[in-house]
Amino acid sequence: MEAGRTNDLPYIKRTKDGRINIKSGNKIDLVVKWTLIILSILTVMAFFFFNYIGLQWDRAIPETAHNLRVMFLEPALNHFSWGEAFYQVGITVGLGVLATVIGAVIALFLALMAAENLSRPWISKSIRAVVAVIRAVPTVLWVLIFAIAAGLGSEAAVLGMLFHSTAYLVKAFSEAFEEVDAGILEALRATGANWWHVVTHGVLPSTFTYILSWVFLRFEINFGVAVAMGAAAGAGGIGFELFMASGFYFDLREVGFITYAILIIAVVLEIISTQLKNRYFPASTNN
Amino acid sequence: MNEKKMRKSRMQTVVFLLIIIIVTYLSAAITEFNFLDGLATIPKALGWMAGNLLITAETLERLPAIMEKLLETIFMSIAATTIAAILSIFLGLMGSKTTKVNNIFSIFARLIASISRNIPVVAWSLILLISFGQNSVTGFLALFVGTLGFLTRAFIESIDEASQDAVEALQATGATYFQIVNKAVIPQSLPQMLSWILFMIETNIRSATLVGILTGTGIGYTFDLYYKSLNYNAVALVTITIVIAVLIIDSISNRIRRVIL
Amino acid sequence: MTLLQVKGLGKSYNSETQVLKNVDFEVNAGEFVSIIGPSGAGKSTLLRCINRMVEINEGKVIFDNADVGSLKKKELRKLRTNIGMVFQHYNLVPRLTVIENVLHGRFGYKTTMQGIMGRFTEEEKEHAFMLLKKLGIEDHAYKRCDQLSGGQQQRVGICRALIQEPKLVLCDEPIASLDPNSSKVIMDHLKSITTDMGITCLVNLHQVEVAQDYSDRIIGLRKGEIVFDGPSKLLHEDQINHIYGTELRELITV
């Protein structure tokens, strides 16, 4: 295995020590490798940045195990009735529905303006920029900010959730619109159809099922968001009950019951949306 | 498409829209949501935001403290994501159709993923807060659990998609399970997995704000403190630092994604 | 010398349909045999029974004096190192380089640890380059496989099978996804595996003419049963019609 053979074949690459290379050493492998290395370093560093105030591992772990056991094995309702529970779940689902439906309607129009094949570049670019900024603000901050201006209530919650919903759907919709076959649009334009005709007869029919799946996917997310807003921003519903049960009454059984209720609905929504997704769009873009 | 079929599909669409309208109406009723009030709120809220969410020189003095908390939150998100990702790779391999060892493990992996994903991160935060107390570890663990579920599902999909054919070919050469996983499945699906990891880091920074509000840690706690003490200028500053952090991380991820995918 | 014996082989995936029924044939070392038959006849299933990629239900497959159906896991691994396989869709790892994909054929000879560390000896690497050169794709050695054309990818697949130093190569419709030119290149290479290297080939094919041109012997499969087995010269229109049922006649008249 002597290095630097002279009679070597030209298509064989060798490392410095004379071994035959089998990696191409391309940019992709390099970027993947360095991203992983950097993430690992940051992860290790993270544990030095954490604050560990009041943390007692030896106490916390068995206690959490015990709490989880109580929650999941002995769920019970103590501070409100079954009827009340259904009502609260209904409120959370309702908040999710409103944020999704209103968000979808607004997003539909914005997405038409954001799709590069249907709009002017500068309009499309500016909508995208605004959407990116809106997406970067955590939903809970929107809700809290609206709560100051509008007062606590479903209006603040829905409006706050609306921002993120809309931004998410604009991105999804506009990407779907951009994938519409350019031939279809061209054929319609060639017949003298105006913009609205192209949209209603070309774009919407061929993307309808995608849109539907995305909307449902977002509803699945929004249910979770609505729970969170109940707990963190006082938006009511089952999330608020969860907050009260754990932070106010310290009633683990009730926390367990509420968690089960949320889990069941979330799983049902997930099953429906997976089926919609499998039927209508196999691509797994989720962003 | 014949006319009958077309009429049927149009009927379906109409029925569908009707259902949506009814569901929306019911939702509005149960949540006591008033569309007109809601509409009227928007200009009011925007006006309030324009008037109150201003960053003054005085609030800028708080920037170092805010940055420290933001950094803690970012680290929390990254650590939770990468550590969850390591575990998710194993669960994903167990759960995927092409690389599963047996059906029991596969169902087990999918069940873990489903439970940890579908119990919302707020519930995990509140449960963990009780025993772990008000510190970074609580937030880290809450994010970790949710991320684990999400990434496992995503990884199962990536693995399924990436490598069915090659796995068959390598089995036919007499390769062992670990050789196949290590030399075919992982190299093929790693870029897609990495893309999901980056997506999750960005998502987790936003979730970390929420978790922080609930568990009194990181930037969420800082926000909550200023919010409750009605220091809206500081609220604005916190919000903007979060936005900038998310946008920067988003653009780094997009750049990496563009190369690797 | 008989390399492969298939005796009364039966296979069903579920209780309703019997995919293979009482299949009997022998293959001698150094033969080039084609299997033809309509879609769904069970050609792929037959090939996969030979290296036990699917479990055998009835009958026996005897390869090189070993009873394939009764082998333990380790022995099965060893058996598979002796049988190369080439696929319709090439089944490469698209993101890896050509040379890496070829070397994957050596895993059967390695312990798990060696395989995971990715240790290949210099001899193995040189062998891989030699095979690439033989199939005329040495210039692409460091390209990712997904940057290659279908015909080139299939040649990588053949190299991967050959580096196993197999006694038998199973090809499941190796040219079904290729254009006529690439198909010819691939078939020529497969043929030369048998003539130059003395490796036995068992090839599933859709195109009757290709089978007639290249093989010494043709096996006709219909609904899981062998309905023709003989030298390619003896395969006439009558037999072809019998193998394909009405389908081919329809194809011709249309």
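All chains are identified by letter, namely A, B and C, in their written order; residue positions are counted from 1 within each chain.
The working rule: a residue touches a chain if its C-beta (ideal position, glycine included) is under 8 Å from a C-beta of that chain, and two chains touch if they have at least 3 such contacts.
What you are looking at is a predicted structure, and each value in this text was computed from that prediction instead of being measured.
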item: Graph class of chain-chain contacts, one of line, ring, star, complete, other; value: complete
item: Maximum inter-chain contact count - chain pair; value: A-B
item: Between chain C and chain B, distance of the C-alpha-averaged centres to the nearest whole Å; value: 46
item: Where chain A and chain B are represented by their mean Cα positions, the distance between them in whole Å; value: 5
item: Numbers and ranges of chain A residues touching at least 2 other chains; value: 28
item: Multi-partner residues of chain B (each touching 2 or more other chains); value: 191
item: Junction residues of chain C, two or more chains touched; value: 95, 100
item: Chain A residues within the chain B interface of the complex; value: 27-28, 31-32, 35-36, 39-40, 42-43, 45-47, 49-56, 59-61, 63-64, 67-68, 71, 87, 90-91, 93-95, 97-98, 101, 132-133, 135-141, 144-146, 148-150, 153-156, 158-159, 208, 224, 227-228, 231-232, 236-237, 239, 242-243, 246-247, 250, 252, 255, 258-259, 262-263, 266-267, 270, 284, 286-287
item: Residues of chain A defined as touching chain C within the complex; value: 1, 9, 11-13, 19-24, 26, 28
item: Touching residues on chain B, where the partner in the complex is chain A; value: 13, 20, 23-24, 26-28, 30-34, 37-38, 41-42, 44-45, 47-49, 52-53, 71-72, 75-76, 78-79, 82-83, 114-115, 118-123, 126-137, 140, 154, 157-158, 161, 190-191, 194, 197-199, 206-207, 209-210, 213-214, 217, 220, 223, 227, 232, 235, 239, 242-243, 246-247, 250, 256, 259-260
item: Touching residues (chain side chain C, partner chain B) in the complex; value: 51, 53, 76-81, 83-85, 87, 89-96, 100, 104-105, 107-110, 112, 115-116, 118, 157, 160-161, 164
item: Complex interface listing, chain C residues touching chain A; value: 95, 97, 99-100, 103, 120, 122, 125-126, 129, 133, 138-139, 141-144
